[in-house]
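The two complexes that follow have subunit A in common; it is paired with subunit B in the first and with subunit C in the second.
Take a look at the complex of A and B:
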């Protein structure tokens, strides 16, 4: 077992036990035991084959514990030094104008909720985990207990559960349109490198609608780690439009694990953009619990230097008549490494299912690497499933064409990369937002579009 | 030491290719689904078999019996000691009951082996009869204008080799592995285990320890093998694992096409088959390796059938060398097989064409690995999976472009067809690219057999059976056309026999 896992194990054993409902205390202990017994993910864990822990081990973060006094959500609109106007958040990436005025803005700094602001909408409840556990205990318990924490492959969900103390609960009553929420994450390395754990619950009732925009961007680049577990419950016909933009520093480690439970006719639309980070992994798993549900996973990663981004998507067609799509575009320069693992499982009886997977990648540097693995596991016959994966380069003829018309080589390459990523941004509904993301993508590709 | 004589011949319930073309009524074709394995019988020949179990003594016994040199015994023992430390792979998409490796007998040879026939004419007529039952009459094949030379592997010992003289004239060595060990020890020693090391994986290590026999082919520089080489394998004695080892070496500018086909008798106990095939292609050499695998698949309830764990790997050592694998996998209860190419030489080419069919309770986890190391290397993968009944069919493939493999190119297409409600089709492609000049394309589709196509055929008076067979044939065409002609015919027939009645 790695030195880091041992260090975490000792830290967990000597930590003051958090106080909570009895079932939760017991679960924390179980998770702690799991992590201590199995350690960090290893290369032999099939799901971690392409994502080594080197960057995390080099960062060597200590587990951050947050004393109980900070458990409570700040009063709405209340700000602290670290809050809404605090210096730890950089300028908002998305100006309010682009977001159709976000109805809520919520900030999590170093794994602690530090503020929220927004208009009151009836039927929309935003709570801290402590408050949420008082109000929706059985509902949250169901989700918390459903998380797999066994074995080294689940080390990060185990760590998150073992330290479960900080979180955010968003609950939307039936038939309510909750508008747009902006969830901003930032990290500091002020107390030395730490790993912060946080839990999010998005509980959308029947016929609800929410646009959630997550933004991971720290103003402080001294390096830290964030380990987030997200539970999404979509009632029948609910729609969650979930956009995630990650533009962290190269010293940052981000592990996210999102589990989506979809009822009949619900729609989950995910779009993830990874333009930064040192070691980043997003695990997203959706389960269709009712017919007619749909999930789309769009993603683009544009990586430079030694960044490593791993997207693990899994769709469980447990009900008939559902459709899913995974659509990823990767651009890799420098010494970066990109990983795409898309799984689709169609269970026996899940007829009339449709699955599409696409992973296209541009490899632009001799030291960059891409590993892609679109998997299909199909046990029903009335289905349509297809996947495609490609790895290639920029089209030399296209570059020549542009250069012959007076464009510089770097500019020509930039245009081609931008066009390649447009395949993803073009599919976003909010085109103003898509335009802003395209700009960010443009900024994220400095070195590999240089003249050579 | 002598195996018991058993007679478990089961008559066929019907002529399998007979189709009721006047009716597409599903019930009228039920008997096709339930039809018995066509090739189920055991030939009544005394066998010499070691008692079940594996230890050092068994390996020493096998080696001594085959009068092997010390170095080969040492090699076997080293593999055995390593095997003891290994555990069976569990990553494949297969449900396998644990195999008791001590319950298997590791050597079986027809008794008449001591008096080895000099030519096919001297082969025990009962053996020849066996091949007649298999539908592969040797004399007919031999008559095919001397095109095919057949090295017959009956259980574990090679019996006779046809056309050896003619091959000898061309300088081609085609003989059983045991003979090669005696006659060409330097060649065997030079190449054995250089493509699939004895420690490569659990089953390759087991094979290295106990391999019984197999084929050895050597094509010298600049020689185009004058005929297609062919080996028919056949598992015969009950409870006897077969551990063939095949080694094919193609020197500079040589060409060879090798055919491997197999059927096995009906038996209720699972039998283990763990073969190793090693191919070496030097500069500008070309090896084409074709397989039709029709081991006993178990009955319609999933009882019995062969466990087929095969390690096949080709090493394109030379520049501009080419290795092409073509396989039609219709048999075995379990198939675990990934014929691979290591594209070491610059501008070398690897190809993999596969049709895998699973019906009833068959399970297959098969695919390929293309490891691009040299510059300008190219690979192509065409895999077609057909699942029917409760069959589970998985494609598992790796395409790896290493750092120095400039301008590597891969194209992969894997399509799966589902016939029926209870079967499964799975695709697990691994694509690992570390060189920016690589072009890799992978596409896969999974769908049920086209209802519109079926409807179109039925509407024009074609029976459902014929329609399915036509559609499946079209689905597999890309692979079939890579097979040598007579193999393609056999493969097509096999697929029809295995599938008829699956729709309805």
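Take a look at the complex of A and C:
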């Protein structure tokens, strides 16, 4: 077992046990035992084959505990030293104007909820985990206990569970349009390299709507890690529009595991943009529990240097008449590495399902690497399934054409990469937001030097 | 303006141009004709600066300077424009955006202020009017999904906007029907001017009915074998290139033999 897992195990054993409902205290202990027994994910774990732990091991983060620091979530609009007006958050990546002024803003700093503000919408409840456990214990318990924490492949969900006492609960009553929520994350690295654990619950009732925008704004070179587990529950015909963008520094580690349970006719629309980070991994798994549900996973990653970004999408067509799409574009320069693993399982009886997968990648440097792995398992009839994966380089003929009109080589390449990524941003409904993302993509592009 | 002396070029180790001599002055339009494989497109590509063409001998002087040592974008900024035989499709790059970026790159090179989108749009509208081009081309990605005729017209449109000093039209007539050919030719004719030189590379005399050249050069096996006025093109059309290869060149008057 790795030295890091051993260190975490000792730290978990010596920590003051968190206070909570008994079932949760027991679960934390179980998760801690799992982590200590199995250690970090290894190459032999199929889903972790391409994910090197070395960035994390080099960072060697200690587990950050925040016991009892959030007995009650701040009153809305209230600020603390590190609250809404605190200097811990830089200028937002997405200015409020682009989002038509978000209806709600929530900040998580070093794994702790530090502030929230927003309009009062009847039927929209935003709580800390502690408050949430008091109000929705059985609902939260169902989700918390559904998380797989066994074996080395689940080390990060086990760690998250073992330390579980910080989190956010968003609950939307049926038929309510909750508008736009902005969720801002930042890591400081102030207390030395630490791994912060956080839990999010997005519980959308029947016929609800929410646009959730997540952005990461860590101080440069925070040298910290964030490990987030997200539970999404979509009632029938609920719509969650979920956008996430990170352009973290190269020594930041982001791990996230999101499980989405979709009822009949619900829609989950995810768009993820990875423009930075040292080691980043998203696992998104959706399960169609009712017919007519739909999920879209859009993603773009633009990487340079030695960054590593993994996207693992898994769609379980457990009900008939559902559709899903995975659409990813990757641009890799330097010695960066990307992974796209897109799974779709169409279970027996899930007739008239539709699955589309597309993963296209540009390698800008001879040392960059992409592993793209579409997996389709189909056990039903009358299924429409399409998938395609490509890995290529910039089109030399197009570069020459542009140069022959006066554009420099670097500029020509930038235009081509931007155009390649626009296949993703063009699909966003909010085109002002898409424009801002394109701008950030432009900034994230590897410098087109001779090496590239 | 452009002077080519004893140019030898190999592509992938194979000799294509074998001692080509050519020159053109401002205000002139010259046609280069010749059979398939004679080296016409190679000449265009060497002037534009495409990679993969190795100049083994000779020189190319443009405004008295060695053209061959300039990067393709510098050549463009110095006023060289090639209308491609096969314009490249660039999905996702908007035609207008691309052209403005190109024009501004050139203006910047020349020390002129860049045009903002309003100024550029005004310029574009003027040019579209002159060329009778529908503005829907502007809103699409560069050449993506364009018909053969649209692609060629887009090349001429780019030329109109970039206002080159030396334009090379590489088989601009290929793949065009008669109507499209006439439209393209009209566009080119409108861009003829005293301070601009144009080299029209073509297989057929047909295009030269519409764009009447000052001079015709016949290229065969990597060399200019004959030169003359517009009437030389008619002669070639009548007799065919086979006639040329079978010694027909000897029947031309001594003043036409290169």
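The working rule: the second predicted complex is superposed on the first by the 443 of 452 C-alpha atoms of A that agree within 3 Å, B and C clash if a C-alpha of one lies under 4 Å from a C-alpha of the other, contacts with A are read in each partner's own complex, and residues count from 1 in each chain.
The rule is simple: a contact is a pair of C-beta atoms (placed from the backbone, for glycine too) under 8 Å apart; a residue touches a chain by one contact, two chains touch by 3 or more.
In this text the structure is predicted, and so the values were computed from the model without any measurement.
Q: Contacts for A:376 in the overlay, against subunit B (first) and subunit C (second): which applies, first, second, both or neither?
A: In the superposed model, A:376 contacts subunit B only, not subunit C.
Q: Is A:365 contacted by the first partner subunit B, the second partner subunit C, both or neither?
A: In the superposition, A:365 touches subunit B alone.
Q: Going by the contact rule set out at the top, does A:191 touch subunit B (first), subunit C (second), both, or neither?
A: neither
Q: Is A:46 touching the first partner subunit B, the second partner subunit C, both, or neither of them?
A: It touches subunit B, and subunit C stays clear.
Q: Using the touch criterion from the header, give the chain among subunit B and subunit C with more contacted residues in subunit A.
A: More residues of subunit A are touched by B.
Q: Considering only touches as defined above, state whether A:423 meets subunit B (first), subunit C (second), both or neither.
A: After superposition on chain A, A:423 lies in contact with subunit C alone.
Q: Would you check which partner chain A:392 touches, where first means subunit B only, second means subunit C only, and both and neither mean what they say?
A: After superposing on A, A:392 lies in contact with subunit B but is clear of subunit C.
Q: Using the touch definition from the top, list the residues of subunit A that touch subunit B in their complex.
A: Residue positions touching the partner: 46, 50, 348-349, 361, 363-366, 368-393.
Q: For subunit C, which residues count as touching subunit A in their complex?
A: Checking each residue of subunit C against subunit A gives 48-51, 71-73, 75-77, 81-82, 84, 87-93, 98-99, 101-103, 105-106, 109, 141-142, 158, 162.
Q: Going by the contact rule at the top, pick out the subunit A residues touching subunit C in the complex.
A: That would be residues 395-398, 400-409, 411, 415-416, 418-420, 422-423 of subunit A.
Q: Show me the residue ranges of subunit B that touch subunit A in the complex, using the header's touch definition.
A: Interface residues on subunit B, with respect to subunit A: 91, 93, 401, 403, 416, 418-448.
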